[in-house]
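The next part holds the structures, each set out as structure tokens.
Look for chain A in each of the two complexes below; its partner is chain B in the first and chain C in the second.
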Partner chain A sequence: MSAIETRNLTKHFRDVAAIDDVSLDFAAGRVHGLLGRNGAGKTTLMKLLTGQIFATSGEMRVLGENPVENAEVLSKTCFIQESQKYPDGFRPLDVLRIAEGLYPAWDQGLARELVADFRLPEKRAIKKLSRGQLSAVGIIIGLASRAPLTFFDEPYLGLDAVARRLFFDRLLADFSEHPRTVILSTHHIDEVSNLLEHVVLLDEGRVAISAEAEELQSAAIEVSGRLDEVTAFIAGADVLRVQEIGALATATVHAEPGSADRARAAGLQVAPVSLQNYIVHRTTAAAAAPVT
Partner chain B sequence: MRSRNVIDMHLVNRMQAFGWPLVAVTFAFVVILGVGLIVGSQGPEAQAGMYYGMQWNGAIFALLGPLIGYGFTSMGQYFPLALGLGLTRREFATGLSAVFLGNAVIYSVLITSGKTIEKATDGFGLHVRFFDVFYTGTGASWQTLVQTFLLIMAVLFLGAAITAAFLRFGQAFLWVAGAILALIGVGIFAGVLLLDGFGRNLLEVMTMGWGPWMVVIAAIGAASAGVWLLLVRRTQVA
Partner chain C sequence: MLDETKPLYIAVAEQIEDGILNGTHPEDGPVPSTNELAAFLRINPATAGKGLNLLADAGVLVKRRGVGMFVAVGATAMLRQRRRDDFARDYLAPLLREAAHLGIDHREITEMMEALQ
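Up next is the complex of A and B:
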């Protein structure tokens, strides 16, 4: 069952197509990664799906219904955005209290635990919080809301490594106990790669990849060795990137069945390509491709 | 009833909702009392002149002023948060209308009570006017209640409508609105200077009775509320 379905969804800002003919399905009860470079359309897509902005054309169904002005859907949807602004004088305490009243499955005990874990000064005015503390406010709402559909848009900007690890651990633990659909947008791909079950890569408003994370983790291999041997090996292969250093070369190619064994037999060193590097190579290759 | 959360949001910052308007009005009231003491020391004639002149004093805007800003703040700061927390625009509009209504009731009752006391005590014993002025109505207390209620509702909805238009149309709205207001101003000025009877007719309109003025204020409030409701349904959060 799909938590989200979009068909030919398009959003134009004047003459810029922020989302361009996007057709996607996000299965329910899974953690999805929504990846892409800055300006790829990730935030725009999440804003469309939460009814904050209106589509130029196309269709979308969230939890089976059109989300726009749909209180039934939106009460089951939590959108944590890095750009969220709060009114003057608001403290984390106030935001959490209001969020508690809005999300039917809100877990106050979890919220209290997370406030302590993130060492959030909940009585301090929000405008005096650091960037990381502000991110913690969003993370606490996102986790404690226990919304059946939760969007995290760059949820940990400014958080230190310890706090980021805390977020991943708490998300995983809570997801295990209370399965729900999570859409996670981030640039720290390697840090979340073990969390993600499905990945969507947006590039200039279009879907570049929609695939299982496991599939992508083994989608490419990196071969390195003497330049002539590498060149011979990659001839005819689907090459993502080649780097030459003197007489040596390293190439990233799409993995075919048995290609790693063939590379080793050819005397090349073979290394796996991380999800982050694969995404980087795919977006870089797309950008370098000639425009037709 | 998720609209209730919109009311809760507006009650978080109690200083903004009630504190600053009350601090400002108290300060202005103390200033008026000070003026009353000083002028009162100059004799009954000066005091009578002050009492007459003070019906035009705008010290009460220390209270009405922050309320004008409240309409801007509600749309500018609370609307993005409400949408961010999953409220619909309809729920926000319902909740905010209730907030505006509550504000108008509380402050119009406060001003009317102040006016009643002011009249009963002959200007707090100093022959001053603070609540019993032109802007709040110098007629009966019930008229002040109606007038201030309509005035506050109108400015709150006007502020919300202006901010909604700014969110919808951006900077262009400010330029166009400013240009239209400037043209109206120039038109009136030209009419007074160039057209026979224009100034006299304008003065007649400006000095029309209390009832027609209430209709004008109510019409401005209703038009602002209508425009706001129309715009908020299509307002996006950048």
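Up next is the complex of A and C:
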């Protein structure tokens, strides 16, 4: 069953197509990665799916219904925004109290634990919080709301390594006990790659990839060895990148069944290509600068 | 912790196999649940479950409804035989290839192995 379906979804801002003919399915009960460079359209897509902005054309179904002005769907949806604004004078305490009333499945015990884990100063004015503490407020709401559909838009912003790990572990543990649909948008691909089951890569408003994370993790291999041997091996292969260093070379190629074994038999070193590197390769193939 | 050159669920399965072979998970004893494994290895529970199911399909683990997965009786012998079958391909072939690169002949390899023991 799909938690989200879009068909030819398009959003124009004046003459710019921020979301351009996007048809996607996000299966229910899984953790999805929504990846792409800054400006690729990730946040715009999430805003469309949560009814915050209106599509120019196309269709979407969120939890089986049109999300626009649909209180039923929105009460089951939690969208943690990167640049969430709070009313003046609000403290984390106030925000959490409001969230508790907003989400039917809210777990107050979990919220209390997370406030302690993240050492969130609950009584400090929101505008005095650090960027990391602000991110922690979002993470606590996103986890404790237990919403059937939860969006995290760059939840890691400003978090230190300890807090990032805390978020990962808490999300994993809570997702295991209370399965739900999670859409995770982040540039920290390496940190979350073992958590993702399905990955969508947006590039300039279009879907560049929509695939199982497992397929992408073995989609490419890196072979290295003597330049002539590498050159011979990659002839006819789908090459993503070649780097030569004197008489040596390293090449990243799309893997086909048995290609790692053939490379080893040809005397080449074979290394896996991480999801992050694969995404970078697939993104830079279309654009000039590297991702993140 | 996990072998990154392989699909994650296969690495999960191999880690459980290692535990069975070295006695960490004795025959007829329980193995970690999907969620325990996911939390410990910091991977998605679906991936952990896929690794466990791979072993259940191979007859290494048996499911006991409502209780969890257990190491099948006879699993150790079965795994040892399979690992022996793979030994030449996974260990000896790369060893001989590297030895050839370095000009080490079979007599020297034998001497080196004896020196290590």
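In the analysis below, the second predicted complex is superposed on the first by the 287 of 292 C-alpha atoms of A that agree within 3 Å, B and C clash if a C-alpha of one lies under 4 Å from a C-alpha of the other, contacts with A are read in each partner's own complex, and residues count from 1 in each chain.
One rule holds in what follows: a contact is a pair of C-beta atoms (placed from the backbone, for glycine too) under 8 Å apart; a residue touches a chain by one contact, two chains touch by 3 or more.
In this text, all values refer to a predicted model and were calculated from it rather than measured experimentally.
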Joint occupancy of chain A by chain B and chain C, clash or fit: fit
Contacts of A:Leu195 with chain B and chain C, given as first, second, both or neither: second
First (chain B), second (chain C), both or neither touched by A:Phe26: neither
Broader residue contact with chain A after superposition on the shared chain, chain B or chain C: B
Touching partner for A:Asp169 - first (chain B), second (chain C), both, neither: second
Which superposed partner A:Gln217 touches (first chain B, second chain C, both, neither): second
First (chain B), second (chain C), both or neither touched by A:Phe90: first
Angle, in degrees and to the nearest 10, that opens at chain A between the C-alpha centres of chain B and chain C: 150
Which of chain B and chain C A:Phe233 touches, first, second, both or neither: neither
Partner chain(s) touched by A:Phe152 [first = chain B, second = chain C, both, neither]: neither
Shortest CA-CA distance in Å separating chain B from chain C in the superposed model: 27
Chain B residues within the chain A interface of the complex: 2, 4-5, 8-9, 12-13, 15-16, 73, 77-78, 80-81, 83-91, 234, 236-237
Chain C - residues contacting chain A, complex: 4-5, 7-9, 34-35, 38-39, 41-47, 94, 97
Interfacial residue positions of chain A with respect to chain C in the complex: 30-31, 168-169, 172-173, 175-177, 194-197, 214, 217-218, 264, 267, 270-272, 274
Residues of chain A touching chain B in the complex: 47, 50-54, 69-71, 74-75, 77-79, 81, 84-90, 94-95, 97-99, 101-103
